[in-house]
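You will see two complexes here that share chain A, one where it goes with chain B and one where it goes with chain C.
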Partner chain A sequence: MENLSEKLIKEFNGKLDAIKGQNNLNIVALKNKKLIKKLSWEIKNYFDILYTLTVVDYSPVFELNYVFSNYENDDILIVKVNLDEKDLSIDSITDIFDSANWEEREAYDLFGIKFNGHPDLRRILLPEDWPGHPLRKSFEINDEVRHWTGLDLKF
Partner chain B sequence: MEESNEFSYPGMSEVIFMKAQKFIDTVLNWGRSNSLWPLTFGTSCCAIEMMTFGATKVDSDRLGVLFVGDSPRQSDLILVSGTITKKMARRLLNVYEQMPDPKYVIAVGACNISGGLYHDSYNTIDGIDRIMPVDAFVPGCPPRPEEFLDAVRVLQKLIKENKSKAQKNGKS
Partner chain C sequence: MEHKDRIRMNIGPVHPAMHGVLKLILDVEGDTVVKAEPEIGFLHRASEKIAEMRYFSNYYPIMDKLDYVSALNMEILYASTVEKAAGITISERATYMRTIMAEIQRIMSHLIFIGSLGEDFGNLTSFIWALRERELLMTIVEKISGGRLAPMYMCNGGMFYDFPEGIDKDILEALDKIENKVKHEYSAVFTKNQIFLSRTKGIGIMTKDMIKRYGITGPIARASGINRDLRKVSPYLAYDKVDFDVPVEENGDTYSRFIVRLNEILESIKIIRQCLKQLPAGNYKTAVPWIIRIPKKDTFVKQESSRGEMGIFLVTDGSDKPYRLKLRSPTFFAIRALEELLVNVKVADAFVIVASIDPVMGEVDR
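This part shows the complex of A and B:
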């Protein structure tokens, strides 16, 4: 594991920063968002699964946390990517890690992040004609959202 | 002569017809109120109490509420127990519209009365009386199974007195 992260940092020279390293937990920050697909290919041999993909809204910047894991040794690699508010799009890694499919749909649903090259980028939790992305800090619960049912009601 | 001002008494045949209709209504309502077959629509913790309501200790069968239908087309009553999200609302109405017409609704739990714990949320319906006509509410979070019995008694009384929402809307 340590060899791998050192190797990665060497390979991405300057584009990847190690934030923290413990026994089997490594956190790295990826500076250029275009390299996420290349990084995924590099670690595909060692890490089997994308556990989860979380998004944090630090007002002008959205931080994506990719959590990769390995079945054999329980090694965990967390990759942090920062997205600017004006351009919320990043390459999809669904063709490399299959479990990214629904995680990316969830991030699209709740934060409105566009994943380029995703095979089926629809909302996963909310109704499809729902207005807005509710987990953003800028989202307000107003009367339109409160009384929205999406139904034509006659009774 | 102005006919419109004249009050005409009902004839003997009309009186007999009205009495017969009332009698038939009474018999029908008696029958309907005592064999309410429920459709179970459980989405969360209230559904566990609903199962207890149908099981031996509380025993809904003695009020004629038999958990045998399990199809909207054979049910008179829908027991909506659990939080209804906005995505689920369409599915709930879809099921509700497939039930044959004298149909009654019992809303179970705080979520279905006012939104409960999730009141004012972006993703839940604040009380299902916003989307469908509800005859009886069962308060609690989740309610005890005995309160279901009370709700069924209330509903039976409403049906016998021709006061349920379905009868008021002229769909009986």
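This part shows the complex of A and C:
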């Protein structure tokens, strides 16, 4: 596993950083978000699935944590990508990892991150006319949200 | 619409045959499904947002209500995550006690699955039988923790209470009864029942490739020939100190998914018996303050829940509350496979296939 992250870092010279393992996790940080697809193709050689996609709101920066895993052993690889608040979009990796489909929809739903090239980018957990993206730190839980009834929803 | 005889059916979210509040949009031609679209989110309760507003110790009741059929598994997962992040070590007795509780909960969850699978094609006997056996364990969980569906038993550093006096005798008695029923009585309504076999064998086949594409884990993956169980792959709690097998089937149909879970009940019984024999004396709880602060770091923990690999991605920032808590739920990935799995099956079989996924919507919608 150590070798893999070292190999990836060498291949993406300068664009990929190792982050010293906290809790023995394998973490790499990708500096240029345009390279996410290229990196995913590399990772596809070692990992089967996108295990989960976690977005963390450090306004004005949003941090995406791609967790990759495989079926043979216990290894996981975490790829961190930072997005700026002004341009919350990144290339979708659904054509490389099919399991990313609903995870990306969830990230769009709860954080409003646009995944370019996603086949079906709709809200997944919340109704289509929900105001805003609730897992952002700036989301305010006011009376409109608290007493939301969804009567405007068209069937 | 192109096809004149094509009808769109909206089934759920509130429908007597549906599991929880899952909604299926089925396009049917005659009796055959040609397109299926699962829709989720009707039980979304913002668990991840609530986590950011609560102390680490106060989140256990919410974890209970995620996968409410295997609440103890959820509590143990959350406890393990917080303990790993905060560097708390629990006593050996506590790991054994948690293993016992996790396996008791797994048996209860699989019994519910077995019952509801039979009930979905009109075999009400199976449901009542399975719930009768589950009640034996329910009583034990109630004796130990005071709760039944949402026990609230785990806490940071261990458990709230020790096992009551003489509970091991009760557990062994209940396990003997369940083992006897599962081994000798259940064949009458399941494995030797012609109706059950013809309704489940060869229905809803998932190939290995499909499992890997959708990222499905747990009993569903093991029914398709993927030998992966986190209890074996990366043993946590006391799983490396007990001897058990991982049941694997090759066919990937509804029947295999049933058999895998039936065999897992027997394996869980084996685990609990060994744990009770080896149960060491000592503290059941490490003293931890109610309000703890965890320095800035990322923690990722995954464990084998009853439905597959449940994971928590915890981001802390040095305060007394999580900065971000992401729940990785196994059924969230499995439900998506329905859009491929339900195509070209009869409408009546569609419900059996949904039941064989064993979805609990509390965990899917979070």
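Quick note on the criterion: the second predicted complex is superposed on the first by the 146 of 155 C-alpha atoms of A that agree within 3 Å, B and C clash if a C-alpha of one lies under 4 Å from a C-alpha of the other, contacts with A are read in each partner's own complex, and residues count from 1 in each chain.
Rule of thumb we're sticking to: contacts are C-beta pairs under 8 Å (C-beta built on N, C-alpha and C of every residue); 3 or more make two chains touch, one makes a residue touch a chain.
Please read all numbers here as calculations on a predicted model, not as lab measurements.
K.L.:
Name the chain, either chain B or chain C, that contacts more residues of chain A.
P.N.:
Counting contacted residues of chain A, the larger count belongs to C.
K.L.:
Quick check for you: in the superposed arrangement, does A:Val145 touch first (chain B), second (chain C), both or neither?
P.N.:
First partner only, chain B.
K.L.:
Looking at the overlay, does A:Glu85 come into contact with chain B only (first), chain C only (second), both, or neither?
P.N.:
A:Glu85 contacts neither chain B nor chain C.
K.L.:
Counting only touches as set out at the top, which of chain B and chain C does A:Ser99 meet: first, second, both, neither?
P.N.:
In the superposition, A:Ser99 contacts chain C only.
K.L.:
Looking at A:Asp48, would you say it contacts chain B, chain C, both, or neither? Reply first, second, both or neither.
P.N.:
Touch partner of A:Asp48: chain C, not chain B.
K.L.:
Kindly classify A:Val56 by the partners it touches after superposition: chain B alone (first), chain C alone (second), both, or neither?
P.N.:
Second partner only.
K.L.:
Between chain B (first) and chain C (second), which does A:Tyr71 come into contact with in this model arrangement: first, second, both, or neither?
P.N.:
second
K.L.:
If you lay the two complexes on top of each other, which residues of chain A touch chain B in one and chain C in the other?
P.N.:
Common interface on chain A, chain B vs chain C: 125-127, 134.
K.L.:
Would you tell me which residues of chain C are touching chain A in their complex?
P.N.:
My answer: residues 40-41, 44, 46, 48-49, 84-85, 212-215, 221, 226, 228, 230, 233-234, 297-300, 302, 311, 313, 315, 323-324, 326, 328, 332-333, 336, 365-366.
K.L.:
Where on chain A is chain B touching in the complex?
P.N.:
For this pair, the touching residues of chain A are 125-127, 130, 134, 139, 141, 145-151, 153, 155.
K.L.:
What residues of chain A sit close enough to touch chain C in their complex?
P.N.:
Residues 22-23, 25, 27, 48-52, 54, 56-57, 65, 67, 71, 73-74, 76, 78, 97-99, 101-102, 110, 123-127, 134-135.
K.L.:
How about chain B: which of its residues touch chain A in the complex?
P.N.:
86-87, 89-90, 93, 120, 122-123, 125-126, 130-133, 169
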